[in-house]
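Below are two complexes that have subunit A in common, paired first with subunit B and then with subunit C.
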Partner chain A sequence: MAGYKYIGKRIARIDARPKVDGSLKYPSDLYEKGMIWGRVLRAKHPHARILSIDTSAAEKLQGVVAVLTHKDVKGINRFGIERQDQPVLCGDRVRYVGDAVALIGAETKEIAEKALGLIRVEYEPLPLVDDPRKALEKDCILLHEKGNIVHELHFTRGDIGKGFAGADVVVEQTYRTQMMDHAFLETEAGLATVDADGLLTVRCCGQYAFRDVTQIARALDYPEDKIRMVEPYTGGAFGGKDEVTVQILLALLALKTRRPSKIWLSREEHFITCTHRHPVEIKIKTGATRDGKLVAHEVWALQDGGAYASLSGPVLCLVVEHSCGPYRIPNLKVDAWAVYTNNGMSGAFRGFGATQAHVAMESQMDILAGKLGLDPLAFRAKNVIRQGDVFGIGQPMIMAFGVDKTIEKAMAHPLWAERERVKGEVDRTRPEDRWKKRGVGAACAFQGSGLGKGLPDYAATTMELNRDGTVTLFQGTIEIGQGSYTGIAQVAAEVLDLPLDRIHFVGADTKRTLDSGTTTASRVMYAAGQSTLLAAKNMAALIREAAAKKLGVPAESLELRDAAVRTGDGARSLSYEEVAAAAGETLKAEGIFNIPVADREFSMGLPHLVFCSNTQVVLVEVDTLTGEIAVKKAVAVPDCGTVINPINVEGQSEGGIVMGMGYALWEENVLSKGQFKNTGLSTYILPSSWDAPEIETIPVEIPEESGPFGARSIAEVTTTPTAPAILNAIADAIGVRFTELPVTPEKVLAALDARKGA
Partner chain B sequence: MKITVSLFGEYRKYAPEYEFTLELPDGATPLAIAERLGIPRTASLWALVDGRRAPVDAALREGSAVSLFQPVGGG
Partner chain C sequence: MIKVSFTVNGRRVSVEASPTKTLLDLLREDLGLTGTKEGCGKGECGACTVLMDGKPVTSCLVIAAQLAGRRIMTVEGLAADRIGKALQDAFVEAGAVQCGYCIPGFLMSARALLEENPDPSLDEIKEGLSGNICRCTGYVKIFDGVALAAKRLRV
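Showing the complex of A and B:
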């Protein structure tokens, strides 16, 4: 970007080299002398009463150090971000197959594995609740004392009856999205130690070290000030490590044995225990006038939360907030429920409810456009919310909001503007292309940045000027692969005009960094970036003051340039090393930022003020002989404000699109009677580099004044529009509208056969 | 001293408004505010003081803004 030295530049990640040469240690890479291995006995029953647990044989096995059950847990023995309803170790009842019943600590993982097989648990099966509709029935067994509803939301605006009465076209459709796995590279892992003073240190993968401290303290009744979480680098998360995974079990084992304790879940154990993407059933009825104006919209949504609450409530809030799309609709009615079932666990996952909502709403928009005979993107542009409008559930869009700009740019792209030509480019003389049909589809999406109104949403950065003139930057968010540490360092580099290799980054460590909020909710580059900007500005002021004293000039006459502080005419200067020496004591600066929220309360949900947006256009090829679908090209037009690092934005965009392809076409956690049927990467089908299409990312940069150099974040919105864009492209290619994900070859062939039969 | 208090989430029910001002003696803490409002002391009680996460027993200063909440946010 013009005028900046570090902002907007294609700068390699600061952690690239140690990640490539293996010197950076992820939590699963950690080993310590005298370490024991922890393994967890899982319930295997989806719903049952525990009658007895006999650990005697396991305890006698040579090499077993500890066999722990619920009786060994001193605290509340429960965890959960929103509601503490999930046992650390179950004592009387299990509610899903991944529930933890016992914890083994052994000298080797083989011994731990063998000991698991020696524990005898007697169960009495209880009625299974494997259908969220069943969970709502009055005579259904209660999975939790307070009932089977985790959360419900009901919202109306305008007059829905009058709205539909004034509609010329009404589309009513039911959409079903599936359970999906984060499938991050590093399964849940960590290592815990306890020192002679009782300080418990847990080095673990996660997404919010400070909240993990509270979850451990609460569950185990251990003092918070004696717990240190160190979680700077995590091998992928996508929301799946937002909830506690192995943190409390690690802590329990280390506290009981006083031995360094390691847990590293197998891929199978991960599939069974992790907090997947919620399956959601969404019924939508939408009305529009002949001239293409949306007038009424009614939504009914039912979200399967699985056995425990985790973040089902907040996810439902985002389903509701995003279920009306980024569109002006005067008459709305939304009713939504999240319920408990025995279907595994669901929780945070990239998009956090917005992903499911967009599948429904963006399909709905294409169906409506078709009935009205309008260009699908032009129809969206006609209805899209612009800065200054009032958004669906009532919040005013006063911050930068660029969905309209992303639609405009996508419409101008040849893949959209010349789509008939592009679709005709299949060479049907080639035998392999004879059965292929091409389609182009688009979808636009928006995603709240931050936690939304109803919760404080803060970020904090500290920094120190070291004696050698380098700066140490302390930031409590987590590098989960998104490149945020590099972006944040670029912000500091720009303010201080200091090369990135002169900035030492200290990531999430609850004893060294300040609480900077969660590494979730598309918030880090925006919030932690802005707190870093403020800290860097404060540091710059301290540097000027210290230099001014030494040079005997006014501080305001000094400027920071090329890692030194200089007088305006450049005649006199001090390097940062000389400033550090002149200051005597270590210069320390702090920056605090709170994400702006609406200045009033809303009747429901977690409405946001700050949003990122993205319009995507995809070209698909459907093989009508085999049913296979290939995405041949994708164009993404995101708005994340000022782009701090184009490589990071493109990386996020490309990863998000490929993840969205998996969601649309292949991925699904298949459950039958509460049991997971595909628990390995050979049966849970992920897209790979073979499947990745040519991807073009063309950001529109609508600067957000409250963000660092005008930046917001990007993250989740890179994946939100992909699945509906693919559904729309499939419909364009073969004239079949799919409303259930994933669209597998079997479904395609069945639909084509059905149409032939008809 | 005058302290601005904001309540979030489950704690919203402990006062008629989500944001209000309290007159408190010198040395008051976020915990003292919680106690005065009847909010139970648990490990889930978190406080922000002037936008910065602070211990619940941190001493407040005249004009401080205190937010009481539980760490229930994610995404």
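Showing the complex of A and C:
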């Protein structure tokens, strides 16, 4: 960006050095003298009544410090972000295999492990609900008192009948997306301590330290003011650390034993207990006119939420909000349900329902374009929402929005514009390439930023000028890998003209930072960036005032330049160190930003006002002999407003694309009768270095006035278009339209065989 | 319990431990070197990669009984190593680090790769890092980091 010193620059992350030299302490790196290890007894039964729990043998084992059950929990013994229906420790019934039944604290992890095996729990199996359709049947056993429906949404706009009557082409299709695991590299971990005054400090992984305080206080009936959560850094999250994981168990163990307590889930335990990406079945019918205008759209969606609510309701809302894609469709009908089953847990995961919705919608767009004989991206461009248009569920797009620009730029890229040439470039001289077929596919996506209507959605930053002229910046959001601490620091650096190494960053700590909302929903760079901008401007004013007094000049005549405050002519100046001394008291500034919200509410969190978008083009190679699919190249054109740091935007984009490849091609938590079948990284297949394609990220920057220097956010929309773009590219390569993820080699071969047979 | 002596980052250490205690746990719990990470405990993710006598190993699969007289290098030892330092600097500059939890393992694999092959092709880099999983970066900037370090080390 022209005229800026820090904004838009390829600046190295402020947390990179301590991460490459091994000195940064992640939650799992915390050990303390006198510490005990906590281990959790999991239900293993997907649905059963608990008849009895006998902990006597475990208690007698030498080295066991505590064996805790539901009887030891004083508070409501329940948690959940949206509603509290998940037991901390189950007493009478278990609803999925990962349910926690008992908690051991022991001197070593080996003893804790051994003690787990000594607890005797008697179960009486209950009827299994392992199919979301079954959950909706009238005679199905109720998994929760209020029924099996977590949330449902029914929505109409325009006249769906008339809409379809006016359509020349109608495409009707059912899509099925699978359960997916966040598979962050650091499994859930933390350490809790209690001091002599009863202050409970939990240093752990998470995505919202302040809500964790509330969840612990509520579940354990412990005063909120005596709880301190410290969660600045964690080894990846992607939504999977949004809901409570180990926090309440850590607190319980430390409060009961008064010993420093460590819990660190095994990889297998992670796979079983994690709040996965929801499997969703989407039946969808879309109509368009001959000249390529979308006229009607009908959606039926059924989302498997698993055993407890967590964020299933809000995820369903985003399925609905994004079910029309970023397009103008005047006539719409949506019916959607999220239900309870005994299939593990699902919840927040990068994309948050928009991912599943776009798999369906962006496939529809390509099928329709094919039937209409239109270029798939040109067809999208014809229907796309521009700023001022009304989108899917009837909300006008009033904020900056540039999906049209992302499509334009993607269409001009050689991978799209010259795709026939690119597809012809297979080297057929190599024997292993003889069976390969290439295809190019594209998809668009949009994604709401922030929590939407009806939920508190703000960010707050404080800062202090230190005696040595450095600034300490206090920010309550969490660095989960996205790079937002660096982006936020860049915003402060730009306003104060202060180098990044003179800004000390204090991240999420509920006794030091202000509540700045969740680290989710593509909101942090936008909201916490803006609250930081406001705080920095307030700090700049304080610095000017203090300097003005000292220099005897009007504050308005002073400007901040090169870590000093100077008179306009530059003749007189004070360094920030001198300002700090002149001010006497510590200068402290605060900035608070509320994310703008719509006037009316459709359902919880709907609609959003602020959106990011992204168009991706991918080149795939399908091996028709083995069924394997490789992504050779990907081009992403995101619109996230002003790019604060190109390295971080590219990094998000590249990571989002490779994660989307995993979703499209390999990853699936396989369940059978409520049991997880692949609970290790050799059976749950993640993309590896060999799978990473060449990736180009070319942002279009449509500035959003309300964001810091025009920035919005980027996190989720990087992964949302990837899977449908791959599905479209596969169809282009071999003429087979897959509607169920992941597209494994077995499915490819079966489809090719079926076609040969036919 | 056995007593076993080996070197870690050039320093001689002696620990008393169960013969089946993993090198990973010895490093983290007995020696306080928490830079080496655990991602799976089964040798599948590569986060715990260290160098044993110069070769990359997943330290969760090496046990105390195998350690007598061995030379171990961990991420904490990279700054004092020519190739290691170049890799750390290049990873920082190239944007190879996001959440960073997998990075110590990648750095150790890359250290072994560049010692054996100072001028690796992109495919050779991919092969050299194929035992390490990263969930954040999509690998692209990690490849860039290795290539950048290799380029600088060759001049």
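The definition used in the following text is that the second predicted complex is superposed on the first by the 753 of 758 C-alpha atoms of A that agree within 3 Å, B and C clash if a C-alpha of one lies under 4 Å from a C-alpha of the other, contacts with A are read in each partner's own complex, and residues count from 1 in each chain.
One rule holds in what follows: contacts are C-beta pairs under 8 Å (C-beta built on N, C-alpha and C of every residue); 3 or more make two chains touch, one makes a residue touch a chain.
If you're wondering where the values come from, they're calculated on a predicted model, not measured in any experiment.
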{"item": "Partners on subunit A (subunit B, subunit C) - clash or fit", "value": "fit"}
{"item": "Which of subunit B and subunit C A:G655 touches, first, second, both or neither", "value": "second"}
{"item": "Contacts of A:E321 with subunit B and subunit C, given as first, second, both or neither", "value": "neither"}
{"item": "First, second, both or neither for A:F210, with subunit B first and subunit C second", "value": "first"}
{"item": "Subunit B versus subunit C as contact partner of A:E701, first or second or both or neither", "value": "neither"}
{"item": "More subunit A residues in contact [subunit B versus subunit C]", "value": "C"}
{"item": "First, second, both or neither for A:R17, with subunit B first and subunit C second", "value": "second"}
{"item": "First, second, both or neither for A:F184, with subunit B first and subunit C second", "value": "second"}
{"item": "Touching partner for A:Y31 - first (subunit B), second (subunit C), both, neither", "value": "second"}
{"item": "Subunit A-centred angle between subunit C and subunit B, computed on Cα centres after superposition, in steps of 10 °", "value": "130"}
{"item": "Touching partner for A:L686 - first (subunit B), second (subunit C), both, neither", "value": "second"}
{"item": "Per-pair minimum CA distance [subunit C against subunit B, superposed on A] in Å", "value": "18"}
{"item": "Where subunit A meets both subunit C and subunit B, residue numbers", "value": "none"}
{"item": "Partner subunit A, residues of subunit B touching it in the complex", "value": "6, 8-9, 18, 42-44, 46, 48, 50-53, 67, 69, 71-75"}
{"item": "Interfacial residue positions of subunit C with respect to subunit A in the complex", "value": "28-29, 32-42, 44-45, 47, 74-76, 78-79, 87-88, 91-93, 95, 97-104, 107, 125-127, 129-130, 132-143"}
{"item": "Sites on subunit A touched by subunit B in the complex", "value": "81-82, 84, 207-208, 210-211, 214, 217-218, 224, 239, 242-243, 311, 314, 347-348, 352, 450-451, 454-458, 460, 514-515, 517-518, 520-523, 592-594, 601, 716"}
{"item": "Interfacial residue positions of subunit A with respect to subunit C in the complex", "value": "10, 12-13, 15-17, 19-26, 28-29, 31, 182-187, 233-238, 266-267, 480-483, 647-648, 650-651, 653-659, 680-682, 686-690, 692, 694-695"}
